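What follows are several structures.
Two complexes follow with chain A in common, the first pairing it with chain B and the second with chain C.
Moving on, here comes the complex of A and B:
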């Protein structure tokens, strides 16, 4: 859609084709990756494998990346999403281990994640520290707190006999054949899309990310909106923490950080999906899909495990390069 | 004067408010903060030396310097990028590939030794590896125009993957005359690594703080438009900063091979501590901007802290928490003092 505007100026067909490619780099990369893996490995394009991609690769990263998208939408970044995941997971597993009802433990877990977000909000909106540094500080402090709570970093296991049914259901249950984590992820994706595109809060948040001074002069409380965005980021990341611990029935200190760089990658790859380079939920989801499919596909090709990381990196690099070169042309 | 109004550009976040505070208030705050952080450094040294008698011995100071060498070299590399990249950490200067760069360079060195090459070849190979990674970053940031945070994130993934491919995720031992010499003790029983760090920091400081090129780096980072209008080769300077940072990664790789008698996995763990160290470094400079000496001081600050904790048998668990608190305290003080 957006590609048409740039191609009208250049009647030259080849340039128009290049324009279409560059403007839809993300979608085309997804299609290309799907096509390549479908041809390269017979098992890729099977229902079982596609489902496995969604359950094993996509779900958790998608939720964390949505959390990141909220922080990025107000012009910030959240390096402590892993901390929110870990705190939620710790509260959830510990309370279930202590015999508390699963629902109560889950609420406490969400609260723990939101508390991490609120701590960031105080630092960023209250004191005025840059989000990068504030959340970096939170990440470091959170790491120490977790090691103190677990006497040096010991995992908290739930004994197989002591796993309540509701706990197991959250991680491995299905509703009408659809895995529960996937349903939760879908709800979060839809909810986040609505908040960022339809709700007043989302439009203000995106405006803050583009031009905060204009929003301030319009009489809108910028700091309050930034604070809410970071609390939302902590809360959403906490959901990923609950699902993670329910799936593996264990809390491992500082394990949430594993999602950080991929979540940043997916969110910013997602910004290339928008003509103006803004964070957007569909783009983020496409970014997560791309990363998930590549991870799964490279595994299936039987390529040396270590080359997979190189391949993923090269692909991200190519998508970013294409869209940034394009954006530079658009603004030049 | 133009520099003063950009006080602590790296650490402030003030959406929508005018970025130009009163210059006089800024200077006062800067002085207070700088004095405060130096006093804090001194207090920590005094407390540790009173409670742990061995702390202020020459041998221990040498040890701290030696143990800080690798992270110090990396943090100085990152500082150069911070200077040239400017205020905003997301869109400005950051090099997330540094730790992975060190890992790959170390792996290249160890592999070269395993293949029977001598020290000279291995040193060149490691530095070329680091330099090439810097070139890729430079092309991505300056050529393709990718935001540094993302460009170096992608490069980090590629480099970390290449290290795994090269080492198959195993330890590659390496022992050569050079490596043994670097990891041994020098004059006064102080590790050679300590001298390496000091010499490296002094050379880097001389280039960055006292040459026209260094001054131009600051100009490019703080006021890119003005720098461009003044006829500076902005793109070339930014590219140069990334290549210099890459070379630092290669150099740190050599030090790491020597220190660990080989290449090991897990270099990525270094990344965030190095980022914190480099960002904290601006607190130890007069105008709260990133400087090489400031970063050296901040590296030693963290090094002494870790060492003191060890001597006092305080759990090392607290180290990352203290680092996190420090950065938040320092940054909060800066921003609150400005109000």
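Moving on, here comes the complex of A and C:
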């Protein structure tokens, strides 16, 4: 971590140690959780289980959380990431079922997700509705549309015989032993990191998230950048939608909303990874890892399912508390 | 440590901070500063930004603890103060920047945390609250503010009245005013001064912090001057002058304040032709030439602000034309204006001028990012070089190029706001109250910078209500009154009185209009 090397002027060793702990709260929380579960359950620290965490818990949530991170970076939030997932999934599965080529269906799916983002962009940048309310509206409208399209919420199944190879490959294939969804997630992680930290768009987006009026007074088209961020969020969420439906070979209406709260949680846990509390992709990914490991670990300990969210909640408090101390130090 | 301590050492001190030392992360904020305030007096506290004023006040408020030194209140020595304790001791702070919650009502703000209840019930006694608030508002300010009014509906002056009233409800012993007039017009400031004198006569001790030395001269009994974390002098106002105080603050002669330079004006860069905006200003015709510094002044509602906003594309004119370099333009948003090399340094610096939670570098290059972008990605090395270059050229004092602008003094924040436009290679600068809340040393540097820009061929419009400043740094001055240009002055040939008379629409002054 870069922040480890920055404290050259702290003479006191104990202060330095405290600094390291506080500056890396998220990484240490991750290590602590790994350690606890490794001791608590014998099956946790096995290759099979760690793989299972990555494939079953991590991949999809990471992609959705990155979509969320773009919305949060411009100072907004996207409550309709689930809608983008569902629309993408619906278009993808329906077109494949109708015998269309998988590539075409996938593109249509991405287009459907981007369209959800574009709808949000019109509400937010065009009309000026706050992101929270605009995307909440999209969430409700999206749910209704799906019920109308599926005569009240019936899943759209692909018959086992009718699953094209490319479709199956997207969900369950591997390249050099690595699951395809994980590879896609990794590409998105790298791409999103580059965009937010090194691209002009990312710099402007973060500046908008911090103080939009100054960005406007600097001669930058704020609303256009906000629109792009929300379209990107829809597009990235759509990728998760494609992978989800390719994995389970079915479209289930409104199933995408299951990711919403965890994606928000991971994104805001992730902001604590930045010294200045800014949204950032590495932090979001660490947040997703943390949530994934806790979900998996609590399952293995045999803890009552209903207690699992208590664990998640406590974890969020712990990370936020540590970072709060950090922030206070940074701004004192 | 005091050069001319004239406040007598009596037990009648309301406050006595002695040899206070305070470090922040290794940097010295206070290096043995003392402040002794006699009970029932108005005591001024002045110093440039970074001199230690706010640190000293935060120590007194219990927000920080001193590393060394002691704090004596009413003859009682305290090692550690908490904000709660300070309030119990009857010390209250009126802070210009202190945010009131906009969605609270006046009543909620005044009585937050100490709501009177109807005896024997958990219910708030709204009638008693309104009565007690009205008494003070009426008696001290002669105004009526219903407790049900929302804070967001109040003017800046009224918000300050609410703050002061909240303090008065507690019958304070000491009131500390921190830059109280920064956002007030003169008439409102006069009301405040009358109030402060009255409170003093009623036995309240006042500590008054201000950049405006004329206010200190007018209002205070004594003044303590801080420089580099030490008190360099405590003087009785009868025995000193604003110029002498300013010299102590900067250790520099005031004559150097307005570095005058003569630049031969070049071609026309900006021409306004009968520009009008319904209800705001009308028939404004102005020509600005390269190398020229044009002053603009007018009271609130004169239309001067709206004119500046129109030029930057924040508003649109209803008729008339704007030409830049001889070409007619029509900007409907700031992005278009910025592309036409216009730059606005807005008055509300902390809201619109700089992003407080972005770094110095990020602020400086915010408007010129395209220059450091290749294929959509930023070239950090060139960006850093640009930032270092401007930090050096403008002598921006910051812990580093990565320091948050929030951590800079007002003067240095303003330099960052200007540096942003230098990086954008802007050519027409609209400076709206460019030195509000800026310390004297930085003011001089900003004046120098304006001169430099003009010398490089930029056209500059300065909107300022600080008339000596306006006369000192501009070539000519246009006075707006009720939306029209009523007078034009050649700066070296006029005086603040003359300009002020014109901007208040005094018939005497207007008779000269030819």
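The working rule: the second predicted complex is superposed on the first by the 305 of 332 C-alpha atoms of A that agree within 3 Å, B and C clash if a C-alpha of one lies under 4 Å from a C-alpha of the other, contacts with A are read in each partner's own complex, and residues count from 1 in each chain.
Rule of thumb we're sticking to: a contact is a pair of C-beta atoms (placed from the backbone, for glycine too) under 8 Å apart; a residue touches a chain by one contact, two chains touch by 3 or more.
Predicted model only: the values in this text are computed from it and were never measured.
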Clash or fit, chain B versus chain C on superposed chain A:
clash
Touch check for A:141: first (chain B), second (chain C), both, or neither?
first
For A:56, is the partner it touches chain B (first), chain C (second), both, or none of the two (neither)?
neither
Tell me the contact category for A:265 with respect to chain B and chain C: first, second, both or neither.
first
Check the residue A:301 against both partner chains and state whether it touches chain B (first), chain C (second), both, or neither.
neither
According to the stated criteria, A:216 is in contact with first (chain B), second (chain C), both, or neither; which is it?
both
A:77 in the overlay: touching chain B, chain C, both, or neither? Say first, second, both or neither.
first
Now for A:100: first (chain B), second (chain C), both, or neither, which partner does it touch?
neither
What's your read, chain B or chain C touching more residues of chain A?
B
Which of these chain C stretches, 8-16, 26-34, 98-106 or 368-376, gets into chain B when the structures are overlaid?
98-106
Can you list the residues of chain A that touch chain B in one structure and chain C in the other?
213-217
Residues of chain C that touch chain A when the two form their complex
24-26, 333-335, 337-339, 344, 346, 351-358, 362-363, 366-367, 369-370, 373, 376-378, 380, 404, 406, 420, 424
Residues of chain A touching chain B in the complex:
74-77, 123-124, 127-134, 136-145, 147-148, 152-153, 208, 212-217, 222-223, 226, 261, 264-265, 268, 304-314, 316-317, 320-321, 324-325, 327-328
What part of chain A is in contact with chain C in the complex they form?
9, 194, 198-201, 203-204, 207, 210-211, 213-221, 276, 331-332
Where on chain B does chain A make contact in their complex?
10-17, 89-90, 140, 144-147, 149-151, 153-162, 164-165, 168-169, 272, 275-276, 279, 315, 317-325, 327-328, 331-332, 335-336
